[in-house]
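Both complexes shown next keep chain A, but they swap its partner, so chain B is in the first and chain C is in the second.
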Partner chain A sequence: MAAQYPPAGVELAASTRSAAGGDAAESHGRVTRHAGIDRLFHWLVAVTMLVLLATSLLPVIGIRFAWVEVHWIAGILLSGAVLFHILRAALRKKLRIVVPRPADLAELAGARPGKYSIAQKLTHTAFAMALLTAIGTGVPLMIKAGTPFFERDPYRFSLSTWGWLTVLHDLAAFLSLFLVMVHMYFSLRPEKRMYLRAMISGGMTRDELRQYHDEQRVQRGE
Partner chain B sequence: MSIFRMGHDEWGRQLVNGLSWNLLPVAFWAGVAVIMGHLVVRTLAARRRRRREG
Partner chain C sequence: MRDMMPHFDLYQPDSVAAALELTSRLDEQAWILAGGQDSFDWLKNRTRRTAAVVDLGAIDELKGVRESAGGGLEIGALTTLTDIEAHPLIREKFELLARAAGRVASPQIRNAGTLGGNLCQDTRCWYYRHGVDCYRAGGNICYADTPEGQNREHAILGASRCVAVSPSDTATALTALDASVVLRSRAGERIVPISEFLVGPAINIRAMTTLRPGEILTTVRVPAIWSGAMFYFEKVADRAAWDFALVSIAAAFRMDGKRVADARLVAGAVACVPWRLHAAERAVVGRERSEDSAERAASVAVDGARPLNYNHFKIPLTENLVRRAIRDAQGA
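Let's look at the complex of A and B:
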């Protein structure tokens, strides 16, 4: 069966970039990898995570400033963005595209991935765990600190419960620090830079899609 | 190295207050280790490939 272009889930952004025409023109076409709204989500999460990490961890290493207000404002922005992202992915039935599956292990033997490689899926899973933990514990901690959205109530939970909520919040922060460092490193690697470019411009070349991804898997929404 | 930051309640009972700040450098250096490990593996792989190709 001949491959269909563009595969389902891959929208053609601009059909040609070359004046050569025919196959050459098609091979230089660009395919959309990330919609504008997804890129906005990614960069909003990136900025808010860096603000959250800076406001929580810089005071720990001795750089003291009034961090609480900036921290919870960034936390609320991050929570809203993540909630929107989950709802959007669920409504578009795109949740499974980022979930690692046994079939992804074939990549270890050289098979090409669908839209996302197993490493990208695992990174997404780790970020999801860290962010959901940070948000799930951060919201009750906002009640402890008091914000315009939550009346201050440090007696809502026992001291022990507050302590364990803080443990999980700290764990999410440390995991996030590790993940952000590794994620930034890999996004800047020459062989992975096309993914950074795609997260900025939205697209990758058709050649890159063919070279690094299995178009049939992409077509199946994997 | 302690894993938790500890405190006391009003009756003097020991309580967990959070994760130990000593683990912050662990998270940072774990990230550095992964990056350095990957750089070493890539460099060795490239050297091996160059040697194989003559």
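Let's look at the complex of A and C:
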């Protein structure tokens, strides 16, 4: 069966679609990797996570400022963005595209990945675990911190429950800090910088796609 | 047990240099003692313990009131509250501070208590003073701000997790006078506006001042800008003598003819720091002091207040004190 062009999961940028036709046009054409709404989500998450990490960790190292309100407001923005992201991915049946699968292990033997490499899928999974844990524990912690959403009541849960919520929230924060550092490091590596460009401009070149990804796997939505 | 002082090493330096040498060496272990009126509670009750106390009481250079070059005053941090209440220069220029100092606790306490100690004293939240593991004590709960918490004396403004209030009467007056404090350490000297020296829980939930380990508050500087202005100080407490404020008001007005050219209205015991009532100040500046302007200022004085279960009364009380301050302020 002839390969569909453009393959599923990879959309040609509108500006180059009309020029697509010959090999030269294809090899120099740009393919869309991230839709505008996905990029907006990514950068909103990036900003809110940096604000959350700064407001939680800077006071610990002695840089004192009024951080609590900024922290929970950023947390609510992050929660809203994550909820939107999950719903959108579920409705578009794209939840599995970032889930690591046994077939991804072939990449360890040199096979090219689909849209996302196994490393990217694992990073996404770790981010998802950290964020869902932080959000899941952060919402009840708002009951104790005092926000307009809940009547402040530190007796709502037992001391040990509060303790576990705090420990899990803090562990999620430290995991997030580690992941952000790893993510930023690799996004700035020269051989990975195309992914950063794609997250800014939305696309990558067809050459880059062919060089680093398996178009057939991309076509299958993997 | 409360009558007995626990064991600690006592240091009694006779100069600021020697005291700084000690505080630098002992760092966070040093408990700096001025008049002792707050410290002795903590130590005798064993709510807090320390290995070393640095008693500043023998340092004469930290005592006394001097007129500064610009017409303001420099007040040594170890000047007693009694001396401040009675000092002719303070009474002549900054009657507000003299009145506030005269309303601190009892005569016996004012004889021993110092200006620096009064500024640096810890909050009186009884959950915290009782030694529970609240936010301010390093835990992660405020026991006062709960559905069942007893919070009659607590904050209605500026709370952030902890709802304790500043108990200092002189801090309220000095905030109205735009004073600053001189903080010395072996590394040098910092001059900090009192509005930045006193911090709320949003900035630092474990301390009420920005005093760092190794630093000593040596001097309080009162600038000349409010010298001879019209002042008003009133403290409402459960008992007229020997009690902390439920709400207090410190006000200063500089007049231009019959109109208010500039104003300071600062409420005490409504927040963790003396709380400037900016909206009320704006409401009265440019107008004559009258029932009308007093009403106008009072109506906006505590906008944004968030009362707790048992301290709603602080809202009308603060509003009434603002009315009275504008109506009844007097010149020196």
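We adopt the following convention: the second predicted complex is superposed on the first by the 213 of 222 C-alpha atoms of A that agree within 3 Å, B and C clash if a C-alpha of one lies under 4 Å from a C-alpha of the other, contacts with A are read in each partner's own complex, and residues count from 1 in each chain.
Definition applied: a contact is a pair of C-beta atoms (placed from the backbone, for glycine too) under 8 Å apart; a residue touches a chain by one contact, two chains touch by 3 or more.
Remember, it's a predicted structure, so these values are computed and weren't measured experimentally.
Once chain A of one complex is fitted onto chain A of the other, the partner contacts of A:155 are limited to chain C, with no touch recorded for chain B.
In the superposition on chain A, A:65 makes contact with chain C only, not with chain B.
When chain A is checked against chain B and against chain C, the one touching more of its residues turns out to be B. In the overlay built on the shared chain, the residue A:166 is in contact with chain B and with chain C.
In the superposition on chain A, A:181 contacts chain B only, with no contact to chain C. Touched by chain B in one complex and by chain C in the other are residues 166 of chain A. In the complex of the two chains, the chain A residues touching chain B come out as 57, 60-61, 159-160, 163-164, 166-167, 169-171, 174-175, 177-178, 181-182, 185-186.
Contact residues of chain A toward chain C in the complex are 64-69, 144-146, 151-155, 162, 166. Remark: chain B residues 4, 7, 9, 15-19, 21, 23-24, 26-28, 30-32, 34-35, 38 touch chain A in the complex.
Within the complex formed with chain A, the chain C residues making contact are 140-143, 145-148, 159-161, 199-200, 202-204.
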